[in-house]
Every structure is written in structure tokens, then in C-alpha cells.
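Heads up, the next two complexes both have chain A, just with different partners, chain B and then chain C.
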Partner chain A sequence: MNGKAEPDDLNKLERLANNIKKSAICGLGQTAPNPVLSTLKYFREEYVEHVSYNKCRAGYCRALCNLVINPEKCRGCGICKRNCPVGAISGEVKMPHEINQKICIKCGTCADKCPFHAIEKQTI
Partner chain B sequence: MVKLVIDNKPVEVEEGTTILEAARQNGIDIPTLCFLKDINEVGDCRMCIVEVEGRKGFATSCIQTVEEGMVVKTHSPEILEARKTILDLILSNHHKDCLTCSRSGNCELQALSIKFNVQKVEYEGEMSKHKIDDKSPAIVRDFNKCILCRRCVATCKNVQEIGAIDCIERGFSSCISTTYDHSLNDVDCTFCGQCIESCPTGALREKEYIDEVWEKLKDESTYVVVQTAPAVRVALGEEFGYPIGTNVKGKMVTALKNMGFDKVFDTNTGADFTIMEEANEFIERVKNKGTLPMITSCSPGWVRFAEKNYPDLLDHLSTCKSPHQMFGAIIKSYLAQKEGIAPHKICTVSVMPCIAKKYEASREEMEVDGNRDVDYVITTRELSRMIRQANISFRELEDSDFDDPMGEATGAGAIFGTTGGVMEAALRTAADTLEGKNLEKLEYTQVRGEKGIKRAELSLGGMPIKVVVASGLSNARKIMEEIKNGTADYQFVEIMACPGGCVMGGGQPIKSSKIRSAVDVRKLRADSLYSIDEASTIRKSHENPAIQKIYQEFLEKPGSHKAHKYLHTHYTAKEKYEI
Partner chain C sequence: MGKKSIQEIEEIRNRKRQELELRVNTKADTREKHILVCHGTGCTSSKSPKIIENFRKILEEKKIKNVRVIQTGCFGLCAKGPIVIIRPEDTFYAQVKPEDCEEIIQSHIVEGKTIERLLCKDIDGTIVNRLDELNFYKKQKRIALKNCGVIDPENIDEYIAFDGYKALYQVLTTMSQDEVIDEISKSGLRGRGGAGFPTGKKWSFAKQNEADQKYVICNADEGDPGAFMDRSILEGDPHSVLEAMAIAGYSIGATQGYIYVRAEYPIAVQRLKVAIDQARDYGLLGKDILGTGFDFDIDIRLGAGAFVCGEETALLESIEGRRGQPRVKPPYPANKGLFGKPTIINNVETLANVTRIILNGAEWYASIGTEKSKGTKVFALGGNVNNVGLVEVPMGTTLREIVFDIGGGIPNGRKFKAAQTGGPSGGCIPAEHLDTPIDYESLTEIGSMMGSGGLIVMDETKCMVDIARFYLDFTVSESCGKCTPCRIGTKRMLEILERMCERKSRARRFKQIRKISQ
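The block that comes next holds the complex of A and B.
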């Protein structure tokens, strides 16, 4: 999710899934929406959290999480700082670095580059 | 008979009828998109879904046949919502450029959007992006507007039996394409344009030369001559609300004159030249034991097909150019001389029902002494667009006649626009020539009608001959196979690339799937040509005084050296795939 959904979009999603289920020509099409329909049924509150409170419990939706540097793991190598496309990361050599959440665009480049896996997703 | 209930109405239809047909027969309409009667009945767009009582999921009405006791609902709220969702999903990946789209106003997708009251784009997201293929001189493909209905694929594969296009890739990347994704220009496509006629959207269109023609019309120093093919006058009116097949010749000529063309000529006169030359060539071949059967060569889609598929049999093709090319050559020689205009100052424009003629005009053989026979070919559709651009109220126009000295054409020229017409016109002249007298016999009804292949045995000047007329390339292939394996015993063969002939050419006004299901467009247009023939005072090409005069003053006689220079051509074997 990119964090732009409105509460009404859940109904829209459900309608869409149901319509596809009923009108598709073959079994594949008729069953394709099932994962969406069953998660909507059994985990609806998580969907609601996403669209109403911009929250992703599982920490999966990048747009709904912050990327933060775990100071315990960070060794201050500066790789993330050099690779961040928007210059959101600051810090002295060999000291834990920090991500400025106002500048960060959540591209995840730093997390991919960090050799010590110090950059973690944190639900908002 | 099967009894069922549609929208609470008890109806009775023949066994094997689809739900869609059953509904339409009983005045109930169901929207469709991918359905094209007898051609594309695959059920892939889902627009025609209906509810059948007691059944899980919706039924596909365009392919599902009726069953005894069925209870069908065609517009319950659920169905309407599902159809709207389907349309929304199609639109979500469609480049909605109606304002700049050639099909705006005659687009089945646009019509559905209006019908379903689409006021906003429901699903926005990633859109597929395709490159536009405009390499060929005849056809442009813009798959950003393609909805993957496969009507074009079915037409090319099942009707024409060419199979130049098919669906490639899966899911979001699905796309209609050619062998190795090459331009249509470089594969086995014949430029018949039948796929354009089948397409519900603006994904397929002719290559337009409208701006170029306006430029020439603006240029005072250019003498712009236009000619219109026989099939144009019985279809152009459809673009201005006239019933299918209405002959609007008089208004068409007035419109062209108002648009500023210096001369407006009738390609039917060109057809009269073709008959003179072709009948003569045929008689020569019979007398001198030349290659027989002789096959007509006035359909460039067919010629391209032959060059690509039967390179060893090209001797069978008549060396005659097609009527508009002949006429173009005459305009830039005889008329130029007569009017005292340098040929390079003349621009010849042909209005044709055909897109293959755009390609034909661009072939390198089609020039004499460095002057192109025909500079631009525009389709019936393009002419209608130009008339609208010029702000001409077509329906209000007075009638006028084609210009002299070549304005008068025969009924034989008129029927060139339909399958069997070229044969009939040629037989009229050949019979008179062989008998050495003016025969009463005019109509050769054996070669008329809708059948794809029509055979006839006749006697010309006491000589029994067998002829065959084929329209549509699948039928052309059948005849060519007979010739190839030696079972053909015909002397004269007429072939047109488009099923039904030029009245159904790839440049004609496009009819929606619904109209094509309900009326026989070919018959209406062809009948109109036959009535033009019937109403003509002169119905044999060799009796046309204008033609006689030009032979006297310029060409000498059919088959003369001069006639060959201006009116004949040659063919070359072509690779099927130029890649």
C-alpha cells in the first residue's frame, strides 16, 4: 500500500473482487480474487488500520513505516549516508547514524546497502 | 424450437441460438465488445454477461446457447454493476485520448462509456505502453488503444487466412503482434485493411494523408486532380447519416469541387481503360496460347498476397495496372498535354475504399518518366473527415457532375467496386470483340452475389470458357492452390482481396459489430452499384466515347506500345518476411 487509500476503497475492493469472481470466464479468473476476499473477511481490522490510521502491523508496507537505524547495530561506516539519494542520513564516522524522517522518501536504499543490517522498519 | 424466458418475456427461438441472438431477435439488447458475428465468437471481453437463474456466476451470452426453460435476466442491478466494473477495468488500461482519436464518434468503447455513464476513471494505476507502428504506407497500429478483443486477429486468421497477427505475451504484457514483433510492413500482411474494419477502437487505422492533400490544395502553383473509386459513392453517405449503400455521387463531387480540387474525375473511367486493356490482354493470351488462366490485378491487396505467397505464378496476373493508377498516368500525360500543364505541376489524389491502394501508389513501378501516377491515396473515411474539416454541410449540397473531358464513365466501370464486377465488365467487352458485333447480352448474373467463390461456364464468340470469381484472400488461396497443382481449368479469374470486393474495402466507413450482425452491408452497397450500372446509358467500356477519343488521340489501341508504357506494370516475387 502506498498510504493513499480512503476508507471507502475497502468497499470498492470488495465489490471489484466479487464482480470479477462472478463474471470471469474460467476457474482461474473466478478464484483469483479469493485471497483478497478471505483476508477482507478474516483480517478486516488490519485493512481498516491501514486505510484509517496509516498503520501496518506487520511492518511490511514501506509507505506506512519509518526506516530507522538501530544504534546498537550501527557501526558508523557511512555507507548508507553516501547512498541515500535525498541526503536524509547524518552522523559522524564510527558513531551511530540517524535518518531524518522529514527528508526520507522511504526508498529503502540504505537498508539494502547497510552491511550490518542496522536499518529496520518501524511501524508508525 | 427452444422455449425460454428473457427479462420476464417468454420467447421461442431455434435450437443452437445464442442467448445474445435470442435476446436481440426479441428486441432486447445486450452490450457486446469482442463479439463479431461469425468471425470472433470467443467470449473474452465479458461485456455481454447475463444472469441465468439457478446458475453460479454469470453466463456469457454471445457464446452460450439457449436451453429449454432457461430464465435469463439481462439487466438486473447486479449485472449492470458487473458490466460497469468490466468496462472500468478495460478503461483503466486504455489511453483515453478521444479528442485526438480517429475513431471518436464511431468507437464501440466510447459508445459503451457513454451508455454506462462513465464520469470518472475508477481505477488508476500503471498503464501498458506500446510503441506505435507506422512504418507501412497503409496502416498504423497504436496498441495503447487496443482492448485485446481479438477481432482483428480472428479476421486476419479466419476470414483472410493470413494470420499476420496474433496475441503474444501474458497478462499485463499481452499485446497483438506479428512474427518476431516486426512492423506489419515487413511481414506477411497484405494491407487488405480488413482488421481495421473489425476493430472496435482506434487501435488500427489507415495512414492518413489529409494534411498533405490540404497543403497541395493551398499551393496555387499545383494543379490538384482528384478521382473517386466506384465503391466510394455508395458508402461515403453513411458517414453523414444516409442509409447504408446510398449513392451520394452528386454531393460528393460538389463537396470535392468546393474543397478546391481543380478537376474531379471518376475512377470508373479508369476502370473503363482497365477493361479495354484487360479484355484485349485476355483475347491475346487466348489467341497466342499465353499463360492461362489470366488473373485480374486491380486489387493491390491481392497482388501483394500473390507476390508473397505465389511468387512462381505471377505470370498469371494481368499486367494491367489498377484503374486509379491507369487514370493517374493518363492525367499526367494526356490531360497534362491537353491542358498545357507540366506533369510535375499536377498532383493526383485518389479517393479509394482501400488502404492497400496507398501501398500500391507508393510502389516504385507506379510511375512513368519520373512522374508518380498517383501522389496521394485517401480513403472514403479520410474524405469524410476532410469534408467535415472544410465545414461543408454535406446533406445540404446540390448535386454536380464529374468534370469533362473524362467525366463520363460506363456502368461497366461502376460495378468494378464489387466482387464479380470486373469479370462481368471484362466479359461484356471481350464478348463483343470476339463476336465482332454489339451483343444484347449485358448481365452475367452467374458472377454476381455474395458467395466467396463463383464459377461459371460461358461461351464467348463461340468459344467455351470457364471463369471463376473469388473474393477474400482465403478464397484466393483456394483458387491459387488449384492453379498450382494443375487442377484449375479456368481461362479467366477475378480476385479481390476483400470479402465482397471493394465495397467492403479496408478504407470504407466502419460499421459496428451490432450493425454487421443485423444487416448485410455488402449487399446494400453492391446493389447500389448494380443500380448505377442499370441506370447508365452506356454499359460497355469500349462504347465509352471519352475512352474511344483518348485511344484515338493518344493511346492508339489497347495493348499498343504507348498503352503498355502508361497502363501496364510488372510484378516481382517478394519475401514473405522482410526481416
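The block that comes next holds the complex of A and C.
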């Protein structure tokens, strides 16, 4: 388990939420925890996956997904390779490039720079 | 122009009503045609003012006399905007561009040929000629939005034509203060601003409190991300809110009203200004309204731009010229409100229902909806749904009907994951509760809230942890900071969620700290 969130976080979250609901002065504070409590109630397994398995099943949270290059969209321009701060990308000019998942730190720079939107998030 | 007697108002009503028959009756006996163009915020941002201008120019060039171009409020189907409707035949053109005006005039108006290309396609692919043939409209019931998209909001005569200011006259001449409050109580109307407090009860509290001055406030601060119900009502039918405020003023004994409206709604503010001026000019606001001896006037106050200013006591602080921070309740505004005087604060949509209740009777209104939630609710439908727009449905309609029948389902063949109601104070409703009839109680029971009416649909590509993070991020930045649990507690919660979504590393946190301390 190498996630940065701790397993106790879910309990902490719930405890905080219930306390705020009870003690805030106005409706804003009293209702602020609702989005958290309702998702915790109906989608708890997603929270557990985030905390314990570093997984985002929707493929939305970048840090919990693999960034992969779609070979059909990649034109091999090399922009991503030049911009990757840890040198995780390799590939020949005009050939589909590839990201080495062991090196990738999921900063998302490549996805931002790719002019062809070829870099996609993929659930682990 | 100038002050009008009730006879003169009735004359305007009769004359205008005949003239406008073609707006509501496809068989109207008329040689005129009206081209209605949506001039709400949505369509305006996709060039509807240019479309209006083009139509007017072309009509003038071609010297066509019996066709009028009217700017209206929102028709509701914002996803297909800009929308142009031609009446009396009620032809519905979607996603019209300024360049299309020439063809519409030449082909539709001059040659009488419908332009297939611009007709709207329903979700199932069928081409629709008329607005009410769309599935989007079939399950809707328009009460608060009755005039939106029908009348020109900047023309008081058009409002009068459709029973405008009739309820006010009826109230002032035939009903006692208590009778008005009774009628509203019997209708079962509850506050549409979020909490669902019975409106009649609120008014009766304010009436019972003796004071030399009382106030009526319309809350038009609408700060929920994704919500635009109140804006659409103000943009499409501002007089209905003014009239309801005057009725409320009479029933509690107030002579002054304020509309607290978001400064971020320039079109709504402008329409309100025009409407107030016109109503004053006709003597429908001001001293001795319609010769009944009742005085009531309304002024606009611009919002201070914070979400919390929509909370009623923070709103009072803001109008009084202080920083918008909530007060501890009690005392409630009905006892000690604006400048310490008894005050009622009602939401725009709540007020928009009032005149309809007076005119059609409390029984009629109470016959719509569920046991504890009467009437209709307007929702701003958004997110991953085909028909993004404004919908008004009877209370008790299920979420499934709203998302799939009215909303046309989820685009790109994806699956429904959750619906978020009530904005930052509400919650996410999963597929297993799609068949819950929506009202105040049922939504609270399943952990969400009616809220003001934002309804955001999410498909399977949305991460629920991230959604929670998004809303919490909003509340953290909008918390006024007056009390500790909200100021610090929500921030701590947000940090935990961010940790989950971003695996926020130590290094990044150090970077943040460095940035702050520089």
C-alpha cells in the first residue's frame, strides 16, 4: 500500500462531517458535508478503492490511473517525450510513442502538451 | 403613459389579449406572424441578439409589414439554442445562426415553406415541427414558467394581456390580509429556495408582528453552481415576481420591497429595472396602487457576489451595508429582519407561483404534487444528459422521468451513474433510487436535498470521490469563516479528499507551503 491517503481517512471524514453538520451556524456549514456523506453512503467502495488500492474505477483521477498513448491517435511528433520531466517516454519519430509506467510520475504534462490529444487516462 | 385606472388596465388587457391570441393558439384568426427569439442568457451568449437584429433588418428591407420580431425569455431547451419560434403555426427552429435569418424570412414567411434543415430533431431522431411535440415538453407542467417564452418581458402590456396584475387587484379589492395568507397556506406552497418552509406560515408570522415598518425581500441571489431557474424567471417574466411581492406586502402590511439580485446576472437586472419603471409608470407600484389606497414600492439591491449572501440573514446584513455574514437564529427575520423590522424573504420561484395561486385558487394548486409538497418545481437540468435545459415538473415526478423521458437519457451510449440535486448542500442519488418520486421529504430521506433546483446528471466516467471533492472545494472557498466548524472543518475534509484523489505527495505539499511563504 503506497497511497498517500491513510486507511483511517474514511472514519475521520465521517466524523468531521457529522460534527460540522451539528455545530455550524448557518445552512452553508450545516449542509456542506452532504455531498460527501451521500457519496460515502452510496459509493463507498469507490472511496475504499481510492484509499486502499490506488484505483479510480471511473478513470477520472489522474494520479490513480495510468497515462497511456493511444497508438491510433499518436503521430510520433515527440513533443511529449521532450516535455516529460522524468524521461518516461520513448519512441521513434513518426512512430507511436510509449510511456514507461514504472518511470511515469503521472504529472500529466505530456497529456497537456500533446497536440493530438493522444494521451489518455486508463483505469489501473 | 402615466398612471392607469383599473378600467384602463382592463382595456389594455382585452385589446392586447386579442392581439396576442396567436402566441397561445395555433388556430388564431390573424394575418400577423410573430417571430419569437429567445433572449435569455443561454441563447444570448450564442448570438440571439444578432438574430433579432438581422430579422428586423431583413423585414424592413423587404418591407414586410405584418410580421413582428419579439424577444422572449427562456423556452427551456437550452441545449438546442438559439431557438426561434414562429407563431401562430408554432414552428420550432433550433440552433439558428444569424446567417439563417434571410432563409427563414424568404422561405418560411414569404413562400410559406418550412425549412426542414432547421427543424429540431428529437432524441429518437424524429423531426419535430412544434415545440410541444418534443418529448422534452410532454411531462412538463408550466406554472412558474407559464409566461417564459410567451411574452416579451420588457413589455408590461404583454404581461397584463395574460392576466397580469389581475391577482393584485383582486387581492386589494376583495380579500382581507388574513384571507390572502389563508389562501397561500391552503395551497400548500413551500419555499423553493431550498428549505421548503411553508410560505403561508412565514407570511402569517410576519403579519402577527406589529411594527411601524415591515419589508418584503425577494431572494434572487442564486449562487448554486449549475442553477439558473431564478435567472430564467426574472429574464422571462419579471412582472410576476413584482406582482407577487406587492401581494405579499399587502398581506403582511409592508410598504417596501427589495429584490436582492446577483450582480452577475446583467440581463435579469436590466429586465427588472425596466419592469419596475413600467409598473411605477402605470401606478401598479408606488403610492395608492390602482386607487385602493395601498402603497408599495420595490427597489433593487445588487448582490455582493458571495454564495453565503443567499442565506437569508447574511442577505439582510448585506442589504444593511455590512459584510454578508449569517446571524444566529432566532430571532427569525419574520420577527426581527431588515433594520430590525419584521421581514419576509422569499425565493424568486416561490413568488412566481403566488399570482397563479390567487387566480386559480388554492384547491387547484393543492391538487398538483404529492401529499406534503404541492405544485411544481423548476429544475436546471445539466451534466451528462441529452436535453440540457430548464424543466418544470409536478412534485412527485420521478428522477427517471426527468433524466430519461424529459432529459432524453445519457449521451454517447454511456450509463447513468448518479444525479446530484441541491448543489453544494445536496447529495448524489444513485441508480437504485431513480424511481423515487421527487419531493422535499423523499430527497432528504435518501440523503440529498431539494435545494434550489440544480440537477446534474453524471455518467460512469465521473468519479464520485472527485465529485464530493468538487462541491467541498466550493463550500470551502465560500465559507464566510464566522464559525469554526465550517471554516476549519470543511477545509480538513477537503484535504482528506484531495489526498485520496491526487495521492498528494509530501513534496507537493512542501511546494505549496513554499509558494505561500514567498
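We take it that the second predicted complex is superposed on the first by the 121 of 124 C-alpha atoms of A that agree within 3 Å, B and C clash if a C-alpha of one lies under 4 Å from a C-alpha of the other, contacts with A are read in each partner's own complex, and residues count from 1 in each chain.
We take it that a contact is a pair of C-beta atoms (placed from the backbone, for glycine too) under 8 Å apart; a residue touches a chain by one contact, two chains touch by 3 or more.
Quantities reported herein were computed from a predicted structural model and do not represent experimental measurements.
Considering which of chain B and chain C touches more of chain A, the answer is C.
Applying the stated contact rule after C-alpha superposition, one finds that A:P35 touches chain C and leaves chain B untouched.
Within the superposed three-chain model, A:L16 lies in touch with chain B and with chain C [touch as defined at top].
By the touch criterion defined above, A:H50 lies against chain C but remains apart from chain B after alignment on the C-alpha atoms of chain A.
When both complexes are overlaid on chain A, the residue A:L64 reaches chain C alone and has no touch with chain B.
In the superposed pair of complexes, A:A24 makes contact with chain B and with chain C alike. Looking at chain A, you'll find residues 12, 16, 19-20, 23-25 touch chain B in one structure and chain C in the other.
On chain B, the positions that touch chain A within their shared complex are 43-44, 46, 49, 57-58, 60, 78, 81-83, 85-86, 122-123. If you check the complex, the residues on chain A that touch chain C are 3-5, 9, 12-13, 16-17, 19-20, 23-29, 31-43, 46-47, 50-51, 54, 56-64. Within the complex, the chain C residues that touch chain A are 194-195, 307-308, 311, 313-314, 326, 328, 417-418, 420, 422, 424-430, 432, 447-449, 460-468, 471-472, 475, 478-480, 482-483, 485-486, 489-490, 492-493, 496-497, 499-506.
Here chain A touches chain B in the complex through residues 12, 15-16, 19-25, 30, going by the rule given at the top.
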